[in-house]
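Okay, so here's the structure we're looking at.
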Amino acid sequence: MIQNIPLSYFLVISTMMFFIGIYGFLTRRNLITMLMSVELILNSVNINFVAFNRYLYPQQLQGHFFMLIVIAVAAAEAAVAIAIIINIYRNFKSIDVENVDEMKY
Amino acid sequence: MNFSDILIMRHELMLTVLALVVLIIDLNLHNRDKHLIIPITLALFFIHTVVGFMPSQPGILFGGMYRTNALLLMMKNILNVGVLIILLQSVTWLKKEENREKISEYFILLFTTLIGMNFMISSGDFLMFYLGLELATIPIAALAAYTHHQTKSAEAGIKLILSSALSSGILLFGISLIYGATGSIYFDSVMQHYANTPMQVLAFIFFFTGMAFKLSLVPFHLWTADVYEGAPINVTSYLSVISKGAAAFILIILMFTVFNTIAPIYNHMLYLIAVLTMTIGNLFALRQKNMKRFLAFSSIAQAGFILLGILGGNTMGMTSVIYFVLVYIFSNLGAFGVVSAISTVTGKETMDDYDGLYSTNPKLSLLMMLSLFSLAGIPPVAGFFGKFFLFASAASAGYYWLVFIAVLNATISLYYYLLVVKAMFINKNEKPLAYFKSDLATRTGLVLSGLGIFVLGFWSQIYEIINSLSFGILH
Amino acid sequence: MNILNFFIIIPLLTVGGILLTKDLKQSRLVSAIGMGAQLILAFVLVYLYLSERSAGNTEPMLFMFDVVWFPSLNIHYAIGVDGISVAMIALTGLVVFAGIFASWKMEYLPREFFISLIILATGVFGFFISIDLFTMFLFYELAVIPMYILIGIWGSGPKEYSAMKLTLMLMAGSALLLVGLLGIYFFSAPDGNPLTFNIMEISKVVIPIEIQRFLFPFTFIGFGILGALFPFHTWSPDGHASAPTAVSMLHAGVLMKLGGYGAFRVAIFLMPEAAHEQAWIFLILTSISVVYGAFSAIVQKDLKYINAYSSVSHCGLVLFAVLMMNQTAMNGAIIQMISHGLMTALFFALIGMIYGRTHTRMINEMGGLMKVIPFLGVVYVIAGLASLGLPGFSGFVAEMTIFVGAFQHVDVFHRVITIIAASSIVITAVYILRVVGILLLGPIKNDHFLHLDDAKWYERISTITLVLAITAIGTAPWWLSNMINYSLAPIVERLSAIQITGLF
Amino acid sequence: MADYTYTILIPLIPLFVFLFLGLLGHKMKPFVTGLIGSTGLGISAILSYATAYRYFIGAHVAGTGYTSIKGFEVVWLHLTEKLTIHLGVLLDPISVMMLVVVTTVSWMVHIYSIGYMKGDPGFYRFFSFLSLFSFSMLGLVLATNIFQMYIFWELVGVSSFLLIGYYYEKPSAVAASKKAFIVTRFADLGFLIGILMLSFNTGTFDFQTLTDPHGPAIASAGGAAFMGMSVLTWSLIFIFVGGAGKSAMFPFHIWLPDAMEGPTPVSALIHAATMVVAGVYLVARLFPVYALGAPDALMVVAWVGGFSSILAAVIACTQTDIKRVLAFSTMSQIGYMMLALGVSGYGGEEGLGFMASNFHLFTHAMFKALLFLGAGAVIHAVHSNEISGMGNLRKHLPITHITFLIACLTIAGIPPFSAFFSKDEILVAAFHSNKLLFAIEYIVAGLTAFYMFRLYYGIFWGKNTHYHHTPHEAPKVMTIPLMVLAFGSVFAGFIPFHNLVTSDGKGFESHIDWMIAGPSVLIGVLGIVIATVMYKKENALPNKVAGTFKHLYKWAHHKFYWDEVYLFVTRKIIFRYISEPIAWFDRHVVDGTMNGIAGIIQYAAYAIKGLQSGRLQQYAFVFVSGAVVLVLIFIYLV
Amino acid sequence: MVNEVMFFLIGTMILIFSVLTVTTRRILRAAVYLLFVLISTAGLYFMLNYNFLAAVQLTVYAGGIVVLIIFSILLTSHLSERAVMAPLKQSLLSALATLAGATLTLMTILRFSFIPNAGTDPQFNITDVGNSLVSYNRDGYALPFEVISVLLLAAMIGAIVVAKKERKIKD
């Protein structure tokens, strides 16, 4: 609990970060930077969990642990994603998302 | 909690053991004997499936994080049967030389996703739910990119993993808000505190988009067709059938329990999305020539029908959704099985290749026709019953116009299903695909799905069992 | 074992039998035996029915058989027949039997052909014996789908287009129908009893009028599409034109009757108040069907199109009469269904046989065929005369019953519209005689036609069966009429009783 | 009361003959089939004579009126609680009289046909059709109720169709048969509507109930009115439309001349003696209803009859085909009968017209059949219908010549031949009712004599025509019927119709009114004289006369262009302006809409193709926007 | 006061670096900015007194995932390479969607009256955290902890399957 800092500040930060991450996901053309945007999104969620836990429901550590699991999942996700990206790089000789549109319509 | 209690988790435990056993066997096998994994795994999984049907106690473990009861068991068994059929159908494909070194990985990844789905279905809180969801998604992305030398496969993988990362991010944001609003991640407490406030609706919408992604509901469906097309065909059928089925199961459970209080709002939303999903799915399916892509869009449209059951909002709705998913699994596996068999042997995947198929491969054609009729909801095959009950449950809640739109959509869907029937039976072809015979296991898989398509409809017992179980959950 | 179950079992056994056969000869033999047995069974049923009635059995439905199917939804496999369904079953038996013989020379994929045909027949039989809406709907759809395959594979001309159009339009019809049926189901038990699909049960309750207003158009149009209700009839000309002979026979002869039968048994019987309220709209549509179909038939050049439009006209008359909602008109409607079923089946059989010889269906390419194929020519003339309502044939009985019945309506509008509908008998005469004149009479236009063979024995069986049935009804209509009347009485009683309490 | 059940055999015997010949005739020798047909009809005829004898004399109690008797009746079809279609036999003066007429003429025609149709490939078919017709006509005559009448009405129509189109390889015959059927069918629609209205009003089809002066029909005369006339009047007018169609009254007369495409015996039987008078019979059958319930309808009958008779007479003067002349003459004579009915009242002396009409019907049947059969003999001899191809045949065909002359004198109303008496009664009736109609009939009488003798001279006198092979007299089998009918034509006038066939069944005194009969005979003689002058020897006079009345002649020769009007209505209006547009509408608008819906769906499927662009970021964009839109809608808008 | 300053500082950093992460044209820099964001977030956790979380954030997230990302960047792109930016239309539309989303979300969230914590503010030390992690009772996390291991195993196998080269094809 931080003196004089209301919960809403955290929420503003996390929400903005969340949408910045989404913006990045929508506009970055490099697959890895898109993945980074996803990390931003997950990070913002983590902030939410932690802040809620700390401010509102400090008796249990539910948000706390949720955040831990999310980090682990993020790691797993990143691992697989990067493996696939490398595979893409092998196949397409590029990791520009715009090139990955062989299948459409 | 003691040892016997932990046995009610037997689906998950056995699968985990199974995955590990496969891994260990694989490590100890010489390279040229790798194909032995296939029969061993099939046998093991068959045992697992059978054991799954043995009666079990309902119960709650881990302080409410894991729960099980007869209905959930039923759902898992349904998934097991589906996976068994997929495994059988994929044997011919697995035996191909190019996959020889990756057989065990295929099984392990498939099993881990199944573990994830089981946990997801059995979850008693959002944490386990989320974990299960991710466990059910991430390995599939790897499976989608399974075939290295095909760019399409890699593309499918990246599209799946990134889209799912985004969607699960949004879903997580929703969960975090739910947590913030209710102070718990456990379903039972959330349910008590869930109120109809804007923020909780917002949280629900974010949560729902994540589920909509898994179910391929419009407008969260766009990944579907590309991934289905690019992924190896058996993975596609897994995605379209098992993954979607599991998502539908958990979604309807959550909708009917945790989020029940905001039903008046989500019903409107479901109405809109159902109409969009059916219509758009159908419109896209109309022009497809690639069979996998075709089935992808058809499965999108089918997902729209599932929403009708959820809209019913009662036991009948729940029963009809589960029953429909069951029927859908068999029907879609029938169709995918045929596409898979043909694609594996001949490499042909477009509708034009199917011209005149009946003259050379009548049995495959018949199975395909029955499966498509079942998907379209034509009697006497099971799809008719599945659709009818879904429509009935929507009608029970008074959504007559929605039912009307849905049946019209079913009519449109019949159009494109008939295109395939036409190709196989009516179109003339100088050189139809030559006659071929798939592996015994594959054929068994095809026969099983064909049997299911026939038996499920007439055998009302199945519906009644589901109904009694659903009744227990909701009352 | 209930006799009615055999109407499902025999076709299924026949299908099984055909699966075991190898070639055309065997499969057609199996089909003929199976459907012959079915025909005999149908007559046995008529006999049993009449003897039950004369023994004083006054139940509305006889030979009831009821098995719970989906207990939680109270869906039953419930079957039973009254005089109306018995008559329809006999009709179906006749047409299917004739249809098998009309396709005696089906060289291409014969087994598949007969299997599809018999599945179609199963659907129709099942529909007529059902008294549970769910099974009824199931059989209805079961009957529609084989059409696609039958037309698509064995058809001619733009067969794929026609088959698709037919299937889709009928399915769109069943979309409407399904909404109606579900609505009926959910309002089938206003007083807290379990919901039911059973027609007889539902008929005992009154569905709220505002619900009926909504559901009736769905149900009626749903069935009406199959019954070629204007403007939803356009599947019919194309479909019939492309279909192979036996399929046209079955389709026009029997399948279209599902529409009329359903409109009457479900839409009007279960929702009489709304029927009374909205009848005028559909009466206008049906009388348009009657006149419009006849006029369209005048200028057609393809034999099958002529007959298809004529079917539109005649089937319009069925719905027209049903909507009049009095005993005589409804009786006429049912006789008309049977009569038209037989006549049009006969027509299509003949057209198929003529086409098989001349390889054209364009009337202006033919002429003077009476000289070379007198048997077929005479039968064609008989069919034509029956179709234009000549006494002595079934068409006259049906039409006159309809017109007299419809004209008994107290409302002037109904009587005026009856006169309009009645005017179709002249137009019918025009197009029938036009065809007969061009096709059969006059000089032979094409020398190739000089050496045509007349009907073979199997073709004779097919046509004579139908001709006999047509004349039997035409000369001795009383037994049929009485059989139908007996079963109509309770239905009409309900209609008229509710009319008073409901509207006034 | 005497038992008349056996009368059912009278129509049934021809029916059996029809079925027998129709199904098995092609396996028999032609002559045998002819023999079977004639024998069957002979039995029917004898039964009819017996019945007539029993009815009028044998079983009749002198001094009482003739009542109608139902010899036989079964229920055929229950329609409503009240309305039931029966099939049966109704005997009353007119039906018994018609029995005699129909069986006699039919029998004669059967016998005649054995000779006339000799060598025709469809011999058995011809006889089976003839039997079918006889059955239908007898059923019509004996009908106990109006619906039975309608049933047989349709059947005679179809028999007529079959027989007109007997030479089905001849396009003109096919066209004529079609025309006959459709025109009468159209009129039958009026009949049907009339029946529907009548039965709706009265709740019965039965003739005995309908014609009962105290029955529901006549009681309903004062009922609801439409356009100034009671519903009863309307229904009777509609019924008369049916009668007019069958009897070739204006404006439905156009089928009759064309119907002459059929074999000549057919023309004699159907289109002269029996079927065409069905309309007269119909009105006579319902006469009490007309007379007591709807005098307005009866006026319509009178005027249509009168107009038709003069129209036909004028046209007949200009025709050159001998059968067509006879056809128009038939039309004209039927007009007479209609007129007689129209001017008649009900009961006793008032019913003079009714009696006269039936009387004339009877005599007409004899002489007109005779005329046709005679014409047949001529055609048989010269193989042509055209008057221009004949002449001077009296030497070659002596019997035909004599019988034909008798018939011509009869129709011209020269005493003591039968038609003199019947025509005289008609004129008397008309005189007492309506002077204008009376005047018309006078003129018609003159015209009739003129054109008949024009015909007579044209065939048997006139120019010496060269024939390819010498015409010779018909065989005995043909001439005997001629002589029988000639006998009938001469002596039928002495039958006391005023005692037998009257509107209310009770006889009345009738005598020849020479004040009217005298001038009518004179005008007949005048017509004959003019014809003699013009046509006995070939001269230029006819052309000159025709030149003088150029326009009238031309119009009359073209039958006042009524055929063209009909062609216009059928070809142009029905085909071009109704059917084709409807067919077009159906294909392009109705079906087009259905195809259009499919097209729109297809188009939409292509139009939204871009949504699935294959670009991951677009997918994500749609995803996010979808979520945002859902939030917007379901939180802020709903 | 210090707290507030610290908070605003960290908050600003988080947002600025977030924005930079998604806008910079250089990929490697983006990774570095992401690292800063993650580190700053760890700072927030410290301020919230969740030291264990902060540590995990630093080690796993900042240390593990970002390093993974940087490696893959090095594998797949040249350092000198400048990222291609999205077309203007796409950027604008995306910005619009995200702005709208952010506005709506913030409006909704901030209007919600969270139930403030009325109870005590218990302090958890690392032992409590550890105990919870292996507890199988309510608010124990043994099960997710186990399942995550399955997930990680699966991810590992998956990554191997995807990334490993095939001999057949390459040969």
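Going in written order, the chains are labelled A, B, C, D and E, and every chain counts its residues from 1.
Criterion: a residue touches a chain if its C-beta (ideal position, glycine included) is under 8 Å from a C-beta of that chain, and two chains touch if they have at least 3 such contacts.
As the structure is a prediction and not an experimental result, all values here were calculated from the model.
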In this assembly, which chains make contact with subunit B and also with subunit D?
A, C, E
Least step count from subunit C to subunit D, where 1 means the two chains touch
1
Measuring between Cα centroids, which chain is at the maximum distance from subunit C?
E
For this structure, which two chains share the highest number of contact pairs?
A-E
Relative to subunit B, largest Cα-centroid distance belongs to chain D
With centres defined as CA means, the chain nearest the overall centre is C
Rounded Å distance between subunit A and subunit E, as computed from the means of their C-alpha atoms:
5
So what's the Cα centroid distance for subunit C and subunit E, whole Å?
69
Quick one: report the Å distance separating subunit B from subunit C, using the average Cα coordinate of each chain.
42
Taking each chain's mean CA coordinate, subunit D and subunit E are separated, in whole Å, by 101
Could you check subunit A for residues that touch two or more other chains and list them?
18, 21-22, 25-27, 29, 34-35, 52, 56-57, 62, 65, 69, 73, 76-77, 80, 83-85, 87, 100-105
Residues of subunit B touching at least two other chains:
127, 131, 134, 138-139, 141-142, 145, 148, 157-159, 162, 166, 170, 177, 180, 183, 198, 202, 225-226, 287
Taking each residue of subunit D in turn, which ones touch at least two of the other chains?
609, 612, 614, 616-617, 620-621, 624-625, 627, 631, 635
If we use the touch criterion from the header, which chain pairs count as touching?
A-B, A-D, A-E, B-C, B-D, B-E, C-D, D-E
What does subunit E use to touch subunit B in their complex?
104-105, 108-109, 111-112, 114-115, 135-144, 147-148, 150-151, 153-155, 157-162, 165-169
If you look only at subunit C, which of its residues touch subunit D in the complex?
165, 168-169, 230-231, 233-235, 237-238, 292, 295-296, 298-300, 309, 326-328, 368, 370-371, 385, 388-392, 396-397, 400-401, 403-405, 407-408, 415, 418-419, 422-423, 425-426, 429-430, 433-434, 437, 440-443, 477-478, 481-482, 485
Where on subunit B is subunit E touching in the complex?
1, 16, 19, 23, 61-66, 97-98, 101-102, 105, 108-109, 112-113, 115-116, 119, 127-128, 131-132, 134-135, 138-139, 141-143, 145-146, 148-149, 157, 177, 180-181, 183, 186, 197-199, 202
Footprint of subunit B on subunit C - complex, ascending:
69-73, 75, 134, 137-139, 141-142, 145, 148-149, 152-153, 159-160, 164, 167-168, 171-172, 174-176, 178-179, 182-183, 185-186, 214, 218
If you look only at subunit B, which of its residues touch subunit D in the complex?
158-159, 162-163, 166-167, 170, 198, 201-202, 205-206, 208-209, 213, 219-220, 222-223, 225-226, 265, 268-269, 272, 280, 283-284, 286-287, 412
